[in-house]
Amino acid sequence: MAITPKDIDRLIREHGLGACLECGKCTAICPMSEVFGDIEYGHTPRGIVEKALFDSDLITGDAIWYCLTCDVCTKGCPSGVHFRDFMEELREMMIAAGHDEHGVRCRLCNRYFVPDPSLKMMIEKMDVKDSTPEFLLTCPKCKTRDFGRKMMKNFAPGRFKE
Amino acid sequence: MNELMMIPLIARIRSIREVTFDTLMFEVAIEKDGKEVPFSYLPGQFAELSVFGVGESPISITSTCTRPGLVEFAVREVGLVTEAMHNMRPGDNMGIRGPLGNGFPVDEMKGKDILFIAGGIGLAPLRGLINYVLDNRSDFGAVDIIYGARAPNLLCFDWEFDTWKAAPDTRVHLTIDAPAAGWNGSVGFVPAIVKELALPPGNRLAVACGPPIMIKYVLEDLAAAGYRDEDVITTLEMKMKCGVGKCGRCNIGAKYICVDGPVFRLSELKTIPSEY
Amino acid sequence: MSDFEPKILIFACNWCSYAGADMAGVSRYQMPPNCRIIRVMCSARVRPEQVISALTQGLDAVLVLGCHPGDCHYTEGNYLTRRRGIMLKNLLETMGFEKNRFQVNWVSAAEGARFAQVVSEFVEEIKALGPSHVSRDKDTGTHA
Amino acid sequence: MSRVKVGVFVCHCGSNIGGTVDVPDVVEYAKDLPLVHYSEDNLYTCSDAGLTAIKEKIKEHGLNRVVVASCTPRTHEELFRRTCEEAGVNRYLFEFVNLREHCSWIHMNQPQEATCKAKELVRLGAAKAARLRPLEIARAQIKPACLVIGGGVAGLSAAGSLAQQGFEVHLVERNDRLGGLTVDLWKLLPGDRPASELLHTLTARVTKNDNVTLYLSSELNEITGFIGSFKATLSTPSGKKDIEIGTVIVATGAVELEPLGLYNLGKTEGVITQMGLEKMLSDGRKDLGDVVFINCAGARGPDREYCGRLCCAVSIKNARYLKEADPDARVTVLQRDVMAFGTEFETEYRKAMCAGVRFIRFSPDRPPTTIGNDKVTGVRIYNQLTGEESDLSANTVVLTTPLAADSGASDLAQMLKVPVDKDGFFLEAHLKLRPVEFATDGVFIAGAARFPADIGEAVAQGTAAAAKAAAPMFAGEVSVEATTALTNPRLCSGCATCEAVCPFGAIEITQDRHGRPVSEVNAVMCKGCGACAAACPCGAIQQLGFTDSQIFEMVRSLARDGDPSGSEG
Amino acid sequence: MTVIGYMKRSALEGVLGDISDKLEVIAPLPSGDKGAVELRRFEKGAQVSIGPVKPMLPLKTIFLPPVEQIFRFSKSENETTVTASTPITRDRVVFGALGCDIAALALIDEVFLREPVDEAYRERRTRTTIVALACEGQGPECFCASVGIDPVRPGGADVVMIPVKDGFIVETITKKGEQLGTMLQGALRDPTGPQKKTARSFTSTSRSDVDLSAPAGGWSAVWESEAWEDASARCIGCGICTVVCPTCHCFDVHDERHGNGGERFRKWDSCMAVNFTMMAHGENPRPQHRARVRQRYMHKLVYFPENHGAVACVGCGRCAVACPNRTGIGEVADRMREREEDSNE
Amino acid sequence: MFHAIRTPGRMRDQLKDMQTRLREIAAAFLERPDALFFIGWEMTPDEKETRPFFARNPRQAQRLVWNDLCHPNPASYLPRLRDREGMIGVAVKGCDARALRELIRANQIERKNLFVLGIPCTGLVDPNTGAIASRCAECQYPVDFDYDETLGPMETPALTVERSAPDLDAMSLQQRRAFWKQELDKCIRCDACRKICYGCYCPECIFEMSDPKWATNRGDLADKIFYHAVRAYHLAGRCVGCDECARACPMGVRLDLLNRSLRDHAKEMFSFDGAGITDEKPLLRTFSTEDPDPFFGGDE
């Protein structure tokens, strides 16, 4: 199922991107620059909102995959743009449409759970380049389940059914 | 005449009397070095009165030399100096230089009938002469006084009229320009009254003093009535500063109004340019 | 020259500067007693001839005060004052007066403190300049 | 012409003056001043006792000039003037000397200097008083009729309001129908009310009121006179018509700027102005496809510096209508910045944004360009932040142009002797202190003739102007400043300098009986600022109460009459 | 007239310096930067500019100053004290006066020394010794010879200095002159024969062909002359002619007040001024420019001769030089008579 | 003070031709029944200078001259002639035309009563030195006027623009004061400067007024400063730089410097082009809210 401009338009409307006043507060408080160092304007919240409004191609390219979805921008926006929600829905829409080249899937459940840039940065920051710890490639849900299973195995073996 | 021609004596104002709404009469005593000094003059002469710090103006003497006492000046407010005079009080000092000018030829007038013709403030210089004539009544013949003003309240020296009327062989003809409430006398311009009275020349001298337009018609009428130029006497007005024939202002033809005048016979006037 | 007490004339417009002077009084701002105010309805009423006349009759300085530009009670009088003032000031300087002998300034009705400051500073400046070079009594005429 | 007798009354003001200034000494000094006949001190001159003293002394000494040396004229001048009047002295033969604010209070620690200064101030006051002349307060009758020029929203509001108050109103409209620009509008903000509805209400108020005489397809030809009695000549379809009115309201409105050639307006099909759009919308057309609005078209540039004020709101409004009418259409507003002032417009702005209208900023350095030869197909826009150029598709491009002054405004301004600004809009007396009024009495201004105004503002200004015009008409007369300018024709050269500097148009060059030009002051229009008196090289025009002679005498006395602290005192 | 000796030009400043200890010395001194000369008080050390340039202001300035205080007054209570001003404090000598200017004094004397005498003027006249400089004519405008003036030994001079090579032959004429002569003795030598001869044959180049006479018939004959129309058309009424004229003497009187005192002074006035005859009530008997121009020339050429027997012009030619439009009295007199001739035709 | 030498011979021939034309035009004008006179210049009796001449008939027109000595400004005569009925012809060079323009603006004369002949002036010379007059050397004004006729194209004279000494602005205060003391000492208050000025047309000059008596007429320095300051101020924005005041002064007071200084300041402060050049924005009759405000804050 391909994504149409109309779909993106709906997201823009639903999440109030049209209300953007181009003040740039979102970008000023966005932690991405802390995390990724020097990032392109096109990767910042404001840049992305602008691209969205300008009908630019958000589907190709990796611009929308850097957001950490921390939602600080939404809190800082004076105009009521729900950027995180927009971003999450857009990404899901894309994964669903098969544009998964920038999304990492869980090694257990095979569901998309984190964008590629974030994962790469985590690996880099944690200095675990040699052997990717398995937990980094596991989605939180599976992580919880996996961890719980391990605990039960150790502390309540009786309750644990393989 | 004081010894330094431009230095005034002090004229101390003794009293001020209202003549008309814009004319005051000042009675002054002349002082020199703090003492009162006599001041002798002829009818028709004038003096330079000054308000110190404001300026000087030529003003005709309206009192009569035959009556001892104070010197009188009737001053109409027309400019700065006269305005300042009007703001003075009894006791104040004016400067005075005079008497200046030739005055009326009283000796030559003796033995003649006299017709006085005056308009408005023009009575001021004539008043001195009229009183002089009446004080020396026996030296002169019949006296007729024609006097007019724009309105009854503008007739100067109205307190004199009854005395004049009461003098022997003397008639006073008063007139105003237009009818006014409370006025029972004749109405009409002075020249019209002159014509109406039609006093024949004979042994009569006419002495006219008043605004230029009045003088113009009166002189014409007198000539028409047969008066000779020698028998018509009038006064001229001109700007003056020094009053002694030096500053050059009142020069008309070869005459200086301040020393050769201000009294002229019509025959003399005809020797100088009629326009200045 | 320290004893020199200049005599200074101020023309103040009725609506702003005269009121500003009132405000200074009400606020009890103290200032040197060298100035005398002549009230005019608008600073534009001040004839430059009056200023020149004051300076040549022996006054030491003249200050014209009006509303701030744009605030004139008569909408634009003080703009006229400003233009005339500039021309007059230049003329006086050209003729040998110090540049501060004649000044124009703007004081609003609310600016009591500013009035006091402007006046005090002006008096100080004139004191420093000393008496005006045009003093009638010293000169008795060229050809006399 | 009676003799000048000045009386000087010096006030202690309790200890306010007396505590610093030696008041009895000042009184003694005053006694010796020229023309001063009487001088005394009072504890409080403004008290009953003080006022009674003034009246008594006027009678007792025949005083005809009064000087009170006390506080500021700003508070008590009227009181003392009235007192003089009550004692039979013309109220303008009074002079105020300020010894409190301008002397004792500001020299509290210098009693000697303050006393000396007080003497000098009294001397100046007495010098001026001696030269004062009685003046009369003239009154001008006001004819309770108003000429409203322009039948747009502002004019209609003004006319309606005045007519309701019972005044005769003459409403002149150049076109053959009322309503002005509003006629072509579709819906109004806020509230989406159809423009026709409002117009109907306003028009009905005017047409149904007998007090209003309506002149359609008519113009003002000539107007002369001043507050209270203007005479105007109208050219109407039925010929010339002379009317007499007491006040005038200018509500001539403005025109929408049509900058032909800009963004290919008039060259490429599909490029229209907002007014064109409004007309299309009124006609029910909604098939406009993708629409791009370009704001600030012809405004805020070197040729026309001002901001059109309303344009943003108009583009917001129309963009939202279009978007709502066709949610699939792409509606984009290209803006330099959005001026949606007030909560109402801010809400509209948000509504439009939320409805999906795109607002995109452009820079005047690289303005958008239209694409398409015969018919417009898109707009190319440069995004400053991304540094990218992109194309927006467009079937219609709407230029949001500002309102501009009507070309006839300057002629009207000349006729009424009121000023216009550099853009041709009428200039009111003071933006903040005296809105809707001209410096010229009896002439008022409302609506877009003054500056671009929206409907609400036009209504408000029209009503405000009506209120201002009603005030003197209710009173029936205005009292006129007594300290006005007066020309002495003997001294006047007719050079017209006074005419040029008068801010009130009160001076006119006429001809005397010899046919020579001579200036003539209309005392009713004169406000007594004296600018003319200072400008006249001949000294022919004087401001009564502040004549050259009075001011000169003060200056002369200050400079030449000695220092009262010195030996001469 | 006695020749008392020869004085070297180079000795002049020294002599004047010595005299200035006893008398106030007035002499032509350079003025401004354009070679102009003005009669002023000589102070020791100053350079005298005696010779070819005529001072723009005539000798009358020494006797009738442009502005002259008449008296001071002061007021107290009800008393006014008037103090006459002192015209001069020392005896004076004027060096280098020109014949035309000296002759003009005689004309002014007619007015100011006639009763009542102007005391200030008389005092200045009697206390001033006049040393004339024999004049050979100082420019094409000179025409004193036309009005009967001897520019070499003018009447009215007390002493005459006749220029010869490098100096002057000094001759005394009057008693006053002899007294001054004694003060000059130290600087004098006996003149040589050639010097005496030069002095004897000294002549002036002044024009003698200017005719200022009025036609018979007095004022009425020229009253309507076209000369007035011509002269007044061009004339701007500035009155410089009256300022520079050695015989013009009209004055105005002003008061000045300061505090309780003040002064009265007189200053030169000009009949060319509009308000010369303007009266306090605003009436002006001579309101037209043409009438004022006529008055000036009529006074000089007709009225003054009628009263005093001589035209009030000494042929100095200053009016033509100073007039912005270079109109001289000779030219106007010619035009005035032309009319007369026309009407005789 | 002067820059160049007497007009070269070639140009003098040109002037001669212009003079011939001038006489023809004036004579033709004077043939008209409504012509009163034609104001131009004639030689003075000594043939060294020119002076104004009122030609009344075609014969007299032959006395008119045009050459490099025609300093007087004929426009000065017009205000007092405004009541005369009939046409007045007047020849004007550039500075005169500017004066004429100001006079018409100030209602002192009506254009319709004038026949104006424009003369393209190439600069006048000082009769004594033969050098170009300083004002002509500085003249850079177009003489835009609706002439009835001209003696050739009215162009801006392209002369050297170089300031002549003394430069008052460059002087110290003390020097300036000394300069004016020296100049004013010469002044004899004869009023020639004001009476010759085209711009002095007040019915009663304020110096002659009695109330207020502005001028003391005392002739002292204060009186002279008052006189000259007021005279100059009254001409601020109206002075056309014809320098007639300085020419008329019998004592050689440099009045032109005072007027020039005001003109310079007006140019510097208000970009005022000069009087008589355009009809827009006369200096002291208008203002701009954008005018400089050197006063605010007390000091410049």
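Going in written order, the chains are labelled A, B, C, D, E and F, and every chain counts its residues from 1.
Quick note on the criterion: a contact is a pair of C-beta atoms (placed from the backbone, for glycine too) under 8 Å apart; a residue touches a chain by one contact, two chains touch by 3 or more.
None of the values given here were measured: they were computed from a predicted structure.
Chemist: Among the chains, which is located farthest from chain B on the basis of C-alpha centroids?
Modeler: Here the answer is chain A, farthest from chain B.
Chemist: Let me check something: if the centre of a chain is the mean of its CA atoms, which chain is farthest from chain E?
Modeler: Comparing chain centres, A lies farthest from chain E.
Chemist: Count the C-beta contact pairs for D-F and for E-F, then tell me which is higher.
Modeler: E-F
Chemist: Between chain A and chain D, what is the gap in Å from one C-alpha centre to the other?
Modeler: Roughly 61 Å, centre to centre.
Chemist: Averaged over CA atoms, how far is the centre of chain B from the centre of chain F? Could you give it in whole Å?
Modeler: The separation of the two C-alpha centroids amounts to 50 Å.
Chemist: Find every residue in chain F that makes contact with two or more other chains and list them.
Modeler: Where chain F meets two or more other chains at a single residue, that happens at 188, 204, 206, 211, 214, 218-220, 284.
Chemist: Out of chain D, which residues touch more than one other chain, so two or more?
Modeler: 490, 501, 535, 548, 552, 556, 560
Chemist: What positions in chain C touch 2 or more of the other chains?
Modeler: In chain C, the residues touching two or more other chains are 48-49, 53, 57-58, 76, 80, 84, 141, 143-144.
Chemist: Give every residue of chain F touching chain E within the complex, in rising order.
Modeler: 37, 44-46, 49, 51-54, 72, 76-77, 80, 182, 186, 188-192, 195-196, 204, 208, 216-220, 244, 247-248, 250-252
Chemist: Within the complex, which stretch of chain B touches chain F?
Modeler: Going by the criterion above, the answer is residues 79-80.
Chemist: Can you check the complex and tell me which residues of chain D touch chain E?
Modeler: Residues in contact with chain E: 490, 560-562, 568.
Chemist: In the complex formed with chain F, which residues of chain E make contact?
Modeler: 31-32, 34, 36, 56-57, 66-67, 140-141, 230, 233-234, 236-240, 243-244, 252, 254, 256, 265, 267, 270, 273-275, 289, 320, 322, 324-328, 331
Chemist: Mind listing the chain B positions that touch chain D in their complex?
Modeler: The touching residues are 21-22, 77, 86-89.
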